[in-house]
Amino acid sequence: MNLPFYAQLINLCAALLLLLAFAMLTQRRILSLINLFALQGMVLVASTLVISYSTDQSHLYYSALLTFVLKVLLLPWILHRLIRALKVRWDVETVINIPATMLIGIVLVIFAFNLAAPISEIAGTVTKSTLGIATACILLAFLMMITRRKAVSQVIGFLAMENGLLFAATSATYGMPLVVELGIALDVLVGTLIFGVFFFHIRETFESLDIHHLEKLKER
Amino acid sequence: MELMFVLGVPFAGGIMLGFWGHRHFAPELNSGMSLLTFLAAAGLTARVIADGPVLVWDGNFFVDSFNVFLVALTAFVAFTTSLFSRPYMRIELAHGRLTPNRLRLYHSMYQMFSFTMLLALLTNNVGVLWVAMEAATLTTVLLVSLYRTPASLEAAWKYFILCGVGLAQALFGTILLYFAAEKVLGPGGTALLWTQLNEVKGGLEPTVLGLAFVFLLVGYGTKVGLAPLHNWLPDAHAEGPTPISAVLSGLLLNVALYAVVRAKVLVDGALGTHFAGNLMMGFGLLSVVVAAFLLSRQKDIKRLFAYSSIEHMGLMTFAFGMGGALATFAGLLHMTVHSLTKSAIFFTVGHAAQKSGTQIMADIRGLIGSNPTIGWGLMIGSLAILGMPPFGVFASEFMILTAAMHQQPWATPFLLVALGVAFAAIFGKVQPMVFGEPSAKRLPHRPALVPVFVHLAIVLLLGLYIPPYLAGWYRQAAQLIG
Amino acid sequence: MTNFQPVEAAVTLSVIWIGLGAIGLACMRAPKLITGVVFPAGALVSLALAATGLWAIGASPSSAILPAGLPDLPFHVRVDALSGFFLLLLGGVSFGISLFACGYFRDTRATTLAPLSLQYHVFLASMALVLIADDAYLFMVTWESMALSSYFLVTTEHHDERNRRAGFIYLLIAHLGAISILLCFGVLHGGHGDYTFAALRAADLHGFWATVAFLLAFFGFGAKAGMLPLHVWLPEAHPAAPSPVSALMSGVMIKTAIYGMVRVIFDLIGNIRWEWGLTVLLFGAATSLFGVLFALMQHDLKRLLAYHSVENIGIILIGIGLAMVFIGSGHPVAGALGLIAGLYHTLNHAVFKGLLFLGAGAILKSTGLRNLNEMGGLIRYLPHTALYFLIGALAISALPPLNGFVSEWLTFQASLQAPQLASSVVRSLVPIVAAVLALSGALTGMCFVKVYGIAFLGQRRHEYSVQPDEASGWERAGMLWLAIACFALGLAPVFVIGELNTVCLALTGAGLSDEAMASGWLWLAPTSGAQASYSPVVFLLVIAAVFGLTFVLVRHFYHGRLRRADPWDCGFPAQTSRMQDSADAFGQPIRQIFAPAFLIKREIPRADDLQPVFTQSVEDRHWYSMYLPIARFTEFLSGHFGRLQQGRISVYLLFSFMTLIALLVFAQ
Amino acid sequence: MNVAGGIVFQVLQSVLVLLLAPLMLGWVNQCRAWLQNRSGAGIWQPYRVLHKLFHKDAVLAHNASPLFRATPYILFGCMWLAVGIVPVLATSLPFAPAADVIALVGLFALARVFVSLAGMDVGTSFGTLGARREMMIGFLAEPAMLMTLFTASLISHSTSLATIVETLGQREFVIYPSMAFAAIAFLMVLLAENARIPIDNPSTHLELTMIHEAMVLEYSARHLALIEWAASLKLTAYITIGIAIFVPWGIAQAGDWAALPVALAALLLKLLAAGAGLALLETLSAKMRIFRAPEFLGTAFLLATLGMLTHFLLER
């Protein structure tokens, strides 16, 4: 295979992202979950930088910067503060056990790949093949949200999903227009803040962040 | 120009109320801001009627007959709801369910909410549309959790997670759309402008758009409340303050549906098949049936009408999916009358619940005795929402059903059963609340029932006589949507 | 006023009615004004409407377009002979009823009376508009407003839980019927957004879709008419309403369903098939028999009358079914006879059922009683009411020379045209249906002997709380009007049939044969003098003459001496009023003979019971065999749908995940 | 036809039947007496009874209403009208078109309703009992009666008795098997309608078995006389209807003086035969329980229907 070097770099990042996604899916401890999330952000930034350098899309630098500030510094920091304040360091117990989750994850990845295959064919970018990985990341994050029992880990899943989306945007289309990027970033930020507020309220109302307390509203 | 006002006023209002939202004059300020917004929207509408669709600010904002009437509707209902919320929130304060700080949050977020909705309607940029929807979600999450009761927290959390995830899908859909568009329009801002997309939709890549629509439908569909993505909706409606339930049902769902319809136009244009339409019909029908059967199990009055909203959104989705001049016309009309009627119902429901100090229907009795206006309002509103002539809801249901009988006969039995069951459920629960021996307490403030009867009067009018210019709008919009 | 058409008149009058209702609502402070001015004015409007109807039967169809309605579909109104006939019915009957109402509502609370007068007049107006609507949308709107206003009238006494339940069932079934009518219009219209009846007429369906349209219409209008098995609302709702309203509902409202059926099936769908006719015929027969059997089981006077409405709807349906069978198999003349019989009975039933409900209202007002088992001997307290009620009872029992008999006689004549039919099954089925009709007629006679004998004759069964006093002038005027109508329609059938013939000609293009009209006003001969003829006038005159003659001769040859004594009763010494039959006792033979038809619940005291009590109730099987199962099934389904909403956020997420995956798979 | 002759015939027939009716009753009772080896009271007995009753003072219950007093006259009027319409002597009488068979049934129903109402008027236990039973018999008999008449009218495509008679009697002779069924059914209905054994026993006053007698218990003197007379008229009317439908031979045209003697003779013969037959039937059969009546009349209805079906199957 005679791909240009930066393309290989990007593929490497993509592979790393997928690996991290799996890691998060299987990770039991919240603290390391957050670190993994930060790492994922890091990889994302890296890939964005590579792309922007290779295809000198100037606005991608901004988006890379944005991602770095938000996903690598700010959000992990907030989350750390939160769990320290809320003293939730305990392990995460999942709804279905890890191996099963892994298997489902594998199936999802395969599904995502041949879902993205026809699209990658027509993609004009150098990074066509990564779209499948992005999709896989999104689906895995979704799976993670389903399987986790703790509010915090659900939120992290949500943010991981955002990462996947961002990666998809950058890799498939060299990033969305800047307005949109900014808007998305803003929403994510505000969203996380609101999450934070919520954690405290849930915490003080239910003495725990376990979402099985949040199953009162239902039919019959 | 008006457009700047339409967007600027609620934004400024949000900020101002962020400072003074707890003062005694805050409710009036709130209504005043909404009134200004409404006036600006009216002006905008007038101009669009006068000289056709307008593109402003290098095409980032676009007003055509489809969204302008939604803008007018949104501004109007937001205004009347603010009128209703004046006494309502005061009573809540008096009953001690709120603190002044919460009230401030409420007022500020109320304005922000209407800002985000108007933004979502007015923007021409599909990406900004997404951003606005997300922002609307965030603001409403704060509003739903306003009371900070366990139930409201749970509701807000579910709302947040489900809609957040849903919107993430929508974002992916948007990305795919952009991905397809940039093949044709080249990279940069224009590739997300709906007008541009609409012009070149024939040339967009079908496979990509097919997938994009799936993601967009799941995403915005969650917000519309299509079964089986609807689960957040009843909780959020039941646990939030009633004015918010009113605007949620009356406006936010419309806006989400608006997004879906815009997407449908592009996708069906690109695929040249009826793919999107069929999906929408399927979801619509499913929602109608599911909601109808769930209606009969409700004990909480606001949940009841939340499910009825699901049913009606399903009906609209079905209509838009069916397509064709008649059905689309009916869908638009149904959008209008549903938001008017449903918000009116929530107004009465709010006061009824305050009067009898509970939302449990079994404990609300004999409203007609204790407060005739509330009683009649609830009775007439329910009859209207159940599609009883001469109210406008009947007009649209009439057109939808007959069109369905012609275009999709297989669907009519489901609709027949669903409408019947829904009628039995809702009316069987409303009747004893309205009639019978009263059980109620006095309210510290006079309830605001003017909005109720204004809405119902408009709905009644629309059932008997649709003004020509309104019909003109609908027709243009229908042509737009196809 | 050269080009002033019936349609303008009809629209104007309906608008006036609505206006009167609004005025009534405004007169919240002055109830006297409502009963003294609004209702009489409404009665006058009714009279004018009746005149309009009569005028319209003769005149050529006139139509107009109102400046309202949907954008592409302004309200179209049209008055042709059929509408004219029903307008006549509506106006004529509601005139009497409104007169009665003036007296009946005199001492009603103002807070009740004001909204009531609004609903009452809106009800009248919407019925009128249903009759003249010429497009599907206006028809549906007025149709449902009719249901709605009558629902509010039914729940006037909403503090009584039973009335609320009655109203609920009523509105529910009415709404279901309305939806299916709507779907029927959906089938009929060609998709080109044009809902005018003209367009529907032009659609000209055949085969499967025509049958679908017929079935939908039959179901929808049958639900409103109270046809088996959709009748359950009727005996609940009609008694619940105030008596004049019951009279309106039983007398007029369910006739609008007949109008709709005729309009849609004969006029809009067109090309009728005899299988449809057979369906209508059999349903009609079942309905009439069932209705009268259950009427015999009742002891609540108004319920009993309501069940008789079910029966008479059955009879009307038999007439219409015959018409459809004949027309469908290509015998338009015989078909015309059947249709005329059906319409005639529609008119007759409106008149005498209105009269009877008014009578029941008079009893209710003066004694506060609805339960027959507590009445008795009322003829001594309410002589006028007794007389009018007797006329109504004889009329509904289809006894010559009153009007009920004429229409049943015509129905028999129509059924005797059966030999013309090709299919031998139908040919022998039709006379059997006629025999069922005869049976239910005779049973009706029995039922009204029971009603009259127990309510008005005999000794009073308990002390009346207040001395019952005769109905007021207004009320008597109302009843008198309808009683006169009973006689007029009974004695001068030839004229009525002349009018109906024009209606029939305008509708189906075929009318009665010429020699039918030839035999003069005295002799009613629907087909030909040789085949069958009937002259009520001769009946009346001869019986009256013989009556007088015998009376005089007996006194001339013998004497007229008379003395009063205690009843003899085979010399039994102790006579108490409890020895008379109660209403239930009178129905006992029927209960025994037709036991399978009823769901009888008995509680027989044990031998060692100190205070033995025997209770028995007869219930409608349809509740248990049809409605409750449906309700339970709905509950069951909604229980399963409830599973969707079981609170766990992970599950919700799973739903949307699955939806996403499924759609993606589908999209590929 | 000449109107004058028609009117004369009408009057003649009406008066004749009016006078003959009690005689018919007497004849039947006399035959029964002979069959039971009693020497009866003679065939003129009914006239004596009527005369006696007319002489007596009428006694009325205190609470009897005007309806109670009017009923005997109405009843009498109905029955007389009936016999005036049936072609006893001659067809195409001026009154004949006033009612076809269905209208006749209606006429009898009218009479029945009034008698029952009168029975309930005073409010005694037996009165209501009688009314109830009478109405029960009535509603059972009426459909059967109509089916019988339908069979006849299906043959002659007419429900007017005159036309039926002309079709069946004054054309060439045809055998209609359906008429056989119809005849039996009609006979059963006749027994039921005229309160004869096996449904009711006209000569009983055993309270619990009474039907017709129970209703008129409260009547006395001239009222009772009229009722009895009306009863005999009713019996005659039914018999003559039967004659007109099933053995119509010899009935004259109105105004046809030549045929009159034949018609008279034929009529007398038929009546005598019918009375004797009736008496024989009543002697041979026993009164059945009241709730056997439905079976009895149900059978009648079944036979009539069978007759109609056979007509549709065999005679077209």
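To keep things simple, chains are lettered A, B, C and D as they appear, and every chain counts its residues starting from 1.
Definition applied: a residue touches a chain if its C-beta (ideal position, glycine included) is under 8 Å from a C-beta of that chain, and two chains touch if they have at least 3 such contacts.
A quick note: this is a predicted structure, and the numbers were derived from the prediction, not measured.
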Message: Which chain has its C-alpha centroid farthest away from the centroid of subunit C?
response: A
- prompt: When C-D is set beside B-C, which has more C-beta pairs in contact?
  reply: C-D
Field: Where subunit A and subunit D are represented by their mean Cα positions, the distance between them in whole Å
entry: 101
- line: Chain-centre distance (mean CA atoms) for subunit C and subunit D, in whole Å, is 36
Query: How many angstrom lie between the CA centroids of subunit B and subunit C, rounded to a whole number?
result: 44
Message: Centroid from C-alpha atoms only, then distance subunit B to subunit D, rounded to Å. What do you get?
response: 79
Task: Any chance you could list the residues of subunit A touching two or more other chains?
output: 115, 142, 145, 154, 211, 214-217, 219-220
Statement: Residues of subunit D that touch at least two other chains are none
Statement: Among all residues of subunit B, those touching at least two other chains are 157-158, 161, 165, 211, 234, 294, 297
Message: What's the contact topology between the chains, one of line, ring, star, complete, other?
response: other
Query: Can you list every touching chain pair?
result: A-B, A-C, B-C, C-D
Task: Please give the residue numbers of subunit C that touch subunit B in the complex, ascending.
output: 67-71, 136-137, 140-145, 148, 155, 158-159, 161, 164, 167-168, 171-172, 175-176, 179-180, 182-183, 185-187, 189-191, 193, 195, 634-635, 637-639, 641-642, 644-645, 649, 652-653, 655-656, 659-660, 663-664, 666-667
- prompt: Can you name the residues of subunit A that touch subunit C in the complex?
  reply: 95, 111, 115, 142-143, 145-147, 149, 154, 211-212, 214-220
- prompt: Where on subunit C is subunit D touching in the complex?
  reply: 376-377, 379-380, 390, 394, 397-400, 405, 409, 412-413, 416, 418-419, 424, 427-428, 431-432, 434-436, 438-439, 441-443, 445-446, 448-450, 452-454, 457-459, 519, 523, 525, 529-535, 538-539, 542-547, 550-551, 554, 557-559, 561-570, 572, 575, 577, 579-581, 585-586, 588-590, 592-593
Query: Residues of subunit A touching subunit B in their complex?
result: 57, 115, 118-119, 122-124, 135, 138, 142, 145, 151, 154, 158, 161-162, 165, 168-169, 172-174, 176-177, 179-180, 183-184, 186-187, 190-191, 194-195, 198, 201-202, 205-206, 211, 213-217, 219-220
Message: Per the contact definition, I'd like the list of subunit B residues that touch subunit A in the complex.
response: 125, 127-128, 130-131, 134-135, 138, 141-142, 145, 148, 150-151, 153-158, 160-161, 164-165, 168, 171-172, 174-176, 178-179, 182-183, 187-189, 191-192, 205, 207-208, 211, 234-235, 238-239, 294, 297
